[in-house]
Each structure stands twice: as structure tokens, then as C-alpha cells.
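What follows are several structures.
In what comes next, subunit A is part of two complexes: it sits with subunit B in the first one and with subunit C in the second one.
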Partner chain A sequence: MQDLVNGLAQGAIYSLAGVGLVLIFSVVRVPNFAHGEPVMVAAMLPVTLMALFNMPLALALVLGVVAAIALGIFFSVAIFSRLSKYPEVSLLIISLALVVMISSLAVMFWGDAARQTPGSPSTVLNWGGVRIPVMWIIIFFMALAATVALDAFIRYTTPGRAMRAMALNPFAAKLMGIPVARYHALAFGIGSGLAGVAGALFSLAFAVQSSMGAAIALKAFIVIIFAGMGSIWGAFAGGLLLGLVESYGASYLSSGYRDTFGFIFLLGVLLIKPNGLFARRANG
Partner chain B sequence: MVDALTLQEITAGYQGSVVLRSVSLSVPVGQNVAIVGPNGAGKSTLLKAISGLVSVKEGSIRINGNDTTNWPPEKIVSAGVVHVPEGRQVFPGLSVEENLWLGGYTKPSRREDLLADVLDLFPRLKERLRQAADSLSGGEQQMLAIGRGLMAEPQVLMLDEPTLGLAPVIVDLMIDALENLRSRKELSLLVVEQSVQLTRGLCEHAYILVDGKIAASGATDEVINDDMMKIYLGTH
Partner chain C sequence: MVERFGYVGWVLLLGGLVGIYLLNDGYYTTVALLMMLWAILAIGLNFILGYAGYFHLGLGAFYGLGAYGAAALGTKYQMPMIVALIVMPIAGAILSAIIGPLLLRTRDLYFAVATLALGMIISDVTNNWVSVTGGPIGIGGIQRPGVIGFGAFSIDGRTLPGMFIIVSTIFVALMIAAAIARKSNFVLILRGIKSDDLMTRSFGFPTTVYKVAAFAIAGAISALGGVLYAHIVQYISPEPFTFFAASFQAFVVLAVGGLGSLWGPVLGSVLLTGLPEFLDLDPHMKLIIYGAVLLIVTLVLPKGLASAAQVISRRRKTAMKEGTE
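Showing the complex of A and B:
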């Protein structure tokens, strides 16, 4: 039971990061390995803001997410929207270069020590011997709420439908008069914002460090490959599943290999279902 | 009266290869123009240059007298020129209704009227509003592509091979629908088309494009006849 709870809490973070990545990948086809960097920025920045400016926790968290959104929009406007005619492999290499640059800068600025954002609710519920920190419950429902909101946004709003059109046929989307450059930035902004929320929540419950981005991005990729690349709810479920795999793997097999269980599981999934567990038509 | 669309000696192509060389053309308001030419002549590239998908290296494009050379596609659509591409390019997985909705992206306040109008023109789409666009027959997809273009309320509608690969009965339906559009004074068609029946029945003017250059132009009856076709296209 404890493994289940641990896995869901950790997994909800992966879900959020994965949902953001699936949005970016489906709308603009950028395999954005730098997706972990907005997670990291929103995880690291609040403590610094609180220390430097004596800022209240809530404001610091919000500003961390805003910084993540800004980073995503920067990725789009300054880099990837200018390179959209290049193949995905080139974009992949560029996103890896961004990981190296941003995480080196972050390590210079913040050092590489692990830390946690203080001030989250410390109450721990105890249900028949299972420890459930209230913060974990908050994480889970925030991730769920963000995914519901994104799904509704994609389905029912004009920008959402325009982004869905870009995902399905970018060429035709241009011919409809859809300003694709603007939605490129919007997809990056929203996707990185969700990554930022993941980072902020992560830092409230678990230890974070300035070099964490690459590992989170890899996990977000595992999640969306599970999900079959195109589905928001697939990514949400995939994140929870990855959290559970890691948590059960760590407790029944070996905690030292925690990070490898996800990959092994991914390989297994791909052998059995090459299109991903939740593969269906792309829905943005 | 200023022409709806004018191209002045435009040169355009893809990275490393020039496809169109000094092409001039004009589409008068309310009149229809055909472009014919052999495969690979650059007909689709010409439409792409107008709609902003391919960049123009020399020359200028004007819509209603305003210079729109190298404007991004969304501004061209807003300026009144809409491109219905080769191969239909419907949004797969979305319903007919959602496809048409997207066509009206630049005209949100006029959507309802425009939709009613399109469904009038293509009643077959009306019966299939909830059906996935990619499950339609080829002819129905072409109707959807044209209807989706009309949802942007264009002044010039550019059609790239609208009858390609369609059964003869469907081609007749398409011609009827386009004839119907013809009666609209405010709309011009710029049609790339192999079907002589369609171009002669529909278009006042025709241009023959060969190897990226305009080889002949004039009234459709004079340009699209057996002699011309033989000389320039090597057909018939």
C-alpha cells in the first residue's frame, strides 16, 4: 500500500511533465529534450526568491512557474520556430545542446546541492499504517486538475482547436489562416508551464537540484512513449504508471536501480505494443 | 478596376532550385482563370507562392492592389486569397463539421452563415457533418476541402486539381458546384486543372505554364484548344 501511495505521488509529477511534453510534441513536432529545464527552473527558483526578497511562498512558486513559461516561449520564439523546416533529429540535437547549456548555467548559479522548498503543509495522514503526506494528495489533485483543464482547453477553445489542427496537418492549418507561429509559442508556453507546475510541486515534496532536468525530461519521454505520443490522458496515466513501476521496483527489487525500471518497463511495453499502451488517434 | 490578384514577374522556388521564372498573371474581380501545364511545370508551386507557403525571390504579388509579397499564409487568407491544395489535405480524425469550423478560423463571426452557404452548395456534406473527414470518399473529401476554403469567405479561391482522381459522375457534380460559384460576382476562381471540360466551361482566361514560365495566355477558348495543347503539353 505504501508503495502505491509513493508511486502515485511521484507519478503525478511525471504525469504533469509528460502531459506538457505531449502537447509540445504533438502540436509542433519538436522532440524537446530540454523539457526538464523548465521543471528545474520552477523547482529551484522559489527558494532563491524567498531568500533574496523575503517573498511569500505562494508568490515565489507562481513566479517560478512564470519563469518556466517564459523559458518555453523563449525556446519557441528564439529557437525552434525558426528551425521548423529541419528534420526532427536536428531539433533533437539542438534540444540536447539546450539541456547542457541551461543545466551548466544553473549549476554555476545554484550549485548542485539537493534542496527542498520549505513551507509546504507538513501534515501526514495515517490510514491503517499507510503514511500519506497531505502535500502528496495536493500534488495528485493538482496534476489531475491541470490535465482536465488542458483537455478542456484543447477541445473547446479556439486556440485549442487551432493547435489540434496543427497537430493533425500543419500544412493545411496554415492554409486555414491559423497563425502557426503564435500557436507554436503558445504550445511551448503551456507545455513548459505544466512542466513548471510539476517542478514547483516536486520541490515542495521531494529533493530537487539544478542538474535534475535531463533525468525528468527522459522520464517525460518514457511517459509519452508509453502513451503512444499523441494522447493527453494517455500521458497522464503513463506518468502514474511510471511512478508505480519505480516505486514497486525500488521496494521489491533494488532501490539503487530505481531510475532504470522505467526504461526496462518501456522496452517491455514497446516489445508487446509498439505503438504505446494507450495509442489512439492524435488528439493534441 | 484593380484586379483581385496580380503577379508581376515573380521568381520563386525551393532551397537550391528555382521553379518559377518571371511569371506574370492577373485575376480580374469576379472572373475565373485557369492554369494548365504538364506535370512538374510548377503549377502547384505557383499557388504556394501566392498563398505564402513558398517564398518569392523576385517580383511582386498584389491582392486588390496591396503588395502581399512574402506575407505569411495567415495574412494572405485574411487578405482574401484562399488555397485549396492538391490532395485535399483534410484534417483526419476530425469531423466534417470541425473541418469546416477550422476553415472559418479567420471569419468567426460569419461562421453560421458561411456554413449554411457551404452546405447548400454541397448537400452531401450536410448528411455527413459528424462523420470523420478521412472516412469520406475522395469526391466528398474534395467537396469538404473546397467548402472549408469557402468558409474563409475568399475573394479569390485557388483550387489545385479539384477533379484529380475522381469518378466521372463526381467530376460532373463538382463542375455543377463550381458553376454555381461562378454566378457569385464577388468571387474569382484560380484553377489548376487538367480537365478541358472543366476549364472551358468555367474559366474566362487561361494560362499555359511550361517549365516554370508562362508559354501562352489569353481567352480560354483560344488558349485551351487542340493546337495549343499539342504544342505545349504534348497531349492528344
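Showing the complex of A and C:
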């Protein structure tokens, strides 16, 4: 039981990061391996703000998420929206170069020690021997709420519809008068904002460090590949699944191989269903 | 233009190697060894990434396999280096041939993440399987080969210049093999797979077999690189085979040099291995500049350094045309 709870809490973070990445990847088709950097920024910044300006926790967290959104919009406006003619290899390398640069900057600035944002509710519920920190419950429902909100946004609003059109065919979307560049930035902003929420919540419940971006981005990619690109609820479920696989693997087999279980599971999924678990059909 | 560069390239390569040997400076020899090592990995990667167009991000797994295999053969079973040089590439090829058909069911980003996961699994294994890999502490005391040959033609493999001759010989042989392979039907079919898999299959070529072969060549050459690494450094630990240290670096060397080109691996490795050596800065600052160079080269020359000559000559031609009109 404890493993189930641990897995869901950790998995909810992966879900949030994965849901953000699904939005970016399906709308703008950029293999954005720098997706972990907004997570890292939103996780590291609040403590610094609180220490420097005596800021209340809530404001510091919000500013952390705002910084993540700003970083995402910067990726879009300054870099990726200008590179639509470049081959995928170039985009992959550029996103990895961003990871190298941003995480080195962060390590120079913050050091590489693990830390946690203090001040989260520390109540721990105890249900029949299972420890459930209240913070974990908050994380889970925040992830659920964010996914519901994103799904509704994509389904029912005009910008959401425009983004779906871009996902189907960017060229035709442009011909239909959709301001493609603006929605490019919007997708990056929202996606990175969700990553930021993931980071802020992560730092309240678990240890974070300034070099963690690459690992989180990789997990977000694993999540969306589990899910079969382009499915928001698939990514949500995939994140929880990854959390559970890691948690059960670590406690029943060996904790040193914690990350490996997720990777082996991914390889297993790809062998059986090369297009992901929840893929409706192969798209082009 | 391109043909002439090919001829000049060989002269520069051999001249450079002889020059560094005659210079006999420990530092430059070590840097040149590293450059050759990365070029070797990039040559291997070129088959699956450059020609067949599959984003192999797990080269570090095979590189690590070669290095750890060489260390085990050398320290546990007292085998000479030549045994590792023969056995480990074969092991790399066999391992690739086993997992290749499974991994190559996927493509594009799926293949990239699947191979990335493979590399991560091997990294975890090298860190945790302490009884075989030594865990984070690693394995030391890997013996270099002794004196090879006799009289005036003998090479002392224990010394750095001796090691330099051994690695250079293997490297030049590999470059020649790569140059020949590049003109072969095999690579032509791989290029066909890159541009249109279905079309190539409909011409009657079993594309999966070709892809697995390209994957296996990449695995074998990476394992060869790992064996050389183990004997150059004589000490191995999990760190040099992690994603950013190995797979990413090899990927970047090839992509910055030029996918599918003969000289790309060499140019990319000279720039990217040489650059951090000549920047005398704090390690984080070094990484930032490294990232920036990567960004700029990718933006300015999306087809890699090997395409620079073509880009410049094309610009000059258009400039001349504009001048005459």
C-alpha cells in the first residue's frame, strides 16, 4: 500500500511534466529535451526568493512558475519558432545544447546541493499503517486539476482549437489565418507553465537540485511515449504508471535500479505496442 | 571541390598524426588520442544516424560494454589487448543484432528515447553491479600491451607514443574502411531507407536486415572505441559512459561535423574535443561556452562542418553571378 501511495505522489509530478510536454510536442513538433529546465527553475527559485526578499511561500511559488512560463516563451520566441526549416537533428541538438547551458548556469548560481522548499503542510495522515503526507494529496489533486483544465482548454476554447489545427497541419493552419507564431509561443508558455507547477510542487515534497532538469525531461519523454504522443489523458495515466513502476520496482527488487525499471518498462511497452499504450492509431 | 578536399583531407590527417608523433609532447598526444576516440565513435554512429537516419542516443551503452569488457578481459583473465580488440567489437555486434530487431521496430523520437533508455540502463548497471563493474569506484590497473615487433620497428605499447601509434593505425584503417563503405551499395541502401523506407522495401531490399546491420556496425565500432579508451586511460568508472559524457557527445560530434559525410566525424571531433582543451576556464563556464558553440554551429551550418566548403563556394558563386549581371 505504501508503495502505491509513494508511486502516485511521484507519478503525479511526472504526469504534470508529461502533460506539458505533450502539448508542446504535439502542437509545435519540437523534440524539446529542455523541457526539464522550467521544472528545475520553478523548483529552485522559490527558496532563493524567500531568502533574499523575505517573500511569503505562496508568492515565491507563483513567481517560480511565472519564471518557468517566461523561460518557455523565450524558447519559443527566441529560438524554436525561428527554426521551422531546420531538420529534426538540429532541433534535437539545439534543445540539448540549451540543457547543457541552462543547467551549468544554474549550478554556477545555486550550486548542486539537494534542497527542499520549506513551509509546506507537514501533516501526515495515517491510514491503517500507510503514511500519506497531506502535501502528496495536494500534489495529486493539483496534477488532476491541471490536466482537466488543459483538456477543457484544448477542447472547448478558440486558442485550443487553433492549436489542434496546428498539430494536424501547421501549413494549412497558417493559410486559414491562424497566427501560428503566437500560438507557438502560447503552447510553449502553457507547457512550460505546467512543467513549472510540477517543479514547484516537487520542491515542496521531495529534494530537488539544479542539475535535475535532464532527468525530468527524459522521464517526461518516457511518459509521452508510453502514452502515445498527442494524448493528454494518456500522458496523465502514463505519468502515474511510471511512478508506480519505479516505486514497486525500488521496494520489491532493488532501490539502486530505481530508474532502470522505468526504462525497462518503456522498452517493454515499445516492443508490444511501438506506438505507445494509449495510441488510437499510428499517425503518419 | 569535394574530390580535391578528399585528397587534401588524407594528407592533412596523416601529416597531423605524424607531426604529433614527432612532436612527442604528452599533452598534445593525449588530446589527439581523445580526438581520435571521439572520431571513431562518430564513424560508428554515422552508419545508423548519418546514413540510415535513426537517432541513436544510446551509443554509450556499447562504448561502456567495450571498455568494461576490455577491463574484465585484461584484469581478471590476463588477456592481452589484442584479444579485447577482437572479442569486444564482436560482442557489441552480437548484442546489437539481438536487441536491434526489437528497437528498430520504432523510429524517429521513439527510437531516440528507446536507445536513450538503453544507455541509461547500462549506466545504472555499471553503477550498481558492484561485483563485476566495481560500482562507482570502477576498475583500475588495465595493462597496456608490451613491446610489439622487433628491432628498429618495435613499438613499446606501455608508453604514450606507443599507444598513439596503435590507436592511429586502427583509426586510419577505420577511416579507409569508412571511405570504402561510403561508396558501397550497402550505404546506398541505408540512404534509401533514410529517404523512404517503404519505397526501398518495395524495390525488394529487406530494410530491417539493413537497419540491424547498420545498428550492429555502430555497436561494434563503439565497443572498439571502448576497448581503446580502457587501454589509453587504464582506469574506468561509470561516469565517462553516461548519457551526456558519451552518447550525447558522440551524437554532437557527428551532427556538428556533418551527418553522412566522411570527414564530418574528424572535423566535429577536432572542434569539440579541442575546444574545451584550449579554454582555460572553470568547468561550468566551459560547458556554457560548449553549449553556445554547439548552438551556433548548428544554426549556421545545419548540415555540419563538412558542408562548410560547399556553402562557402556556393556563396562565392552567387556573389560572382551577381557581380557579372
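What we mean here is this: the second predicted complex is superposed on the first by the 280 of 284 C-alpha atoms of A that agree within 3 Å, B and C clash if a C-alpha of one lies under 4 Å from a C-alpha of the other, contacts with A are read in each partner's own complex, and residues count from 1 in each chain.
In the analysis below, contacts are C-beta pairs under 8 Å (C-beta built on N, C-alpha and C of every residue); 3 or more make two chains touch, one makes a residue touch a chain.
Computed from a predicted structure; not experimentally measured.
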Check the residue A:Phe171 against both partner chains and state whether it touches subunit B (first), subunit C (second), both, or neither.
first
Given the touch rule stated above, what does A:Ala181 touch, subunit B (first), subunit C (second), both, or neither?
first
Using the superposition on chain A described above, determine whether A:Ser104 touches subunit B (first), subunit C (second), both, or neither.
second
Examine A:Leu96 and indicate which partner it touches, taking first as subunit B and second as subunit C; both and neither are also allowed.
second
With both structures fitted on chain A, tell me whether subunit B or subunit C touches more of subunit A's residues.
C
Contacts for A:Ala9 in the overlay, against subunit B (first) and subunit C (second): which applies, first, second, both or neither?
neither
Would you check which partner chain A:Tyr86 touches, where first means subunit B only, second means subunit C only, and both and neither mean what they say?
second
Where does A:Leu71 make contact in the superposed view: on subunit B (first), on subunit C (second), on both, or on neither?
neither
Touched partner set for A:Leu271, first subunit B, second subunit C, both or neither:
second
Along subunit B, where are the residues that touch subunit A in the complex?
51-53, 72-74, 77-78, 82-85, 89-94, 98, 101-103, 105-106, 108, 148-149, 152
Within their complex, state which residues of subunit A touch subunit B.
158, 161-162, 164-165, 168-169, 171-181, 281-283
Residue numbers on subunit C that touch subunit A, as the complex places them:
49, 55, 102-103, 105-106, 108-110, 112-114, 116-118, 120-121, 124-125, 127-128, 243-244, 248, 251-252, 255-256, 259, 282, 284-285, 287-288, 290-292, 294-295, 298-299, 302
Touching residues of subunit A toward subunit C in the complex: what are they?
31, 83, 86-90, 92-94, 96-98, 100-101, 104-105, 107-108, 214, 218, 221-222, 225, 229, 254, 256-257, 259-260, 263-264, 266-267, 270-271, 274-275
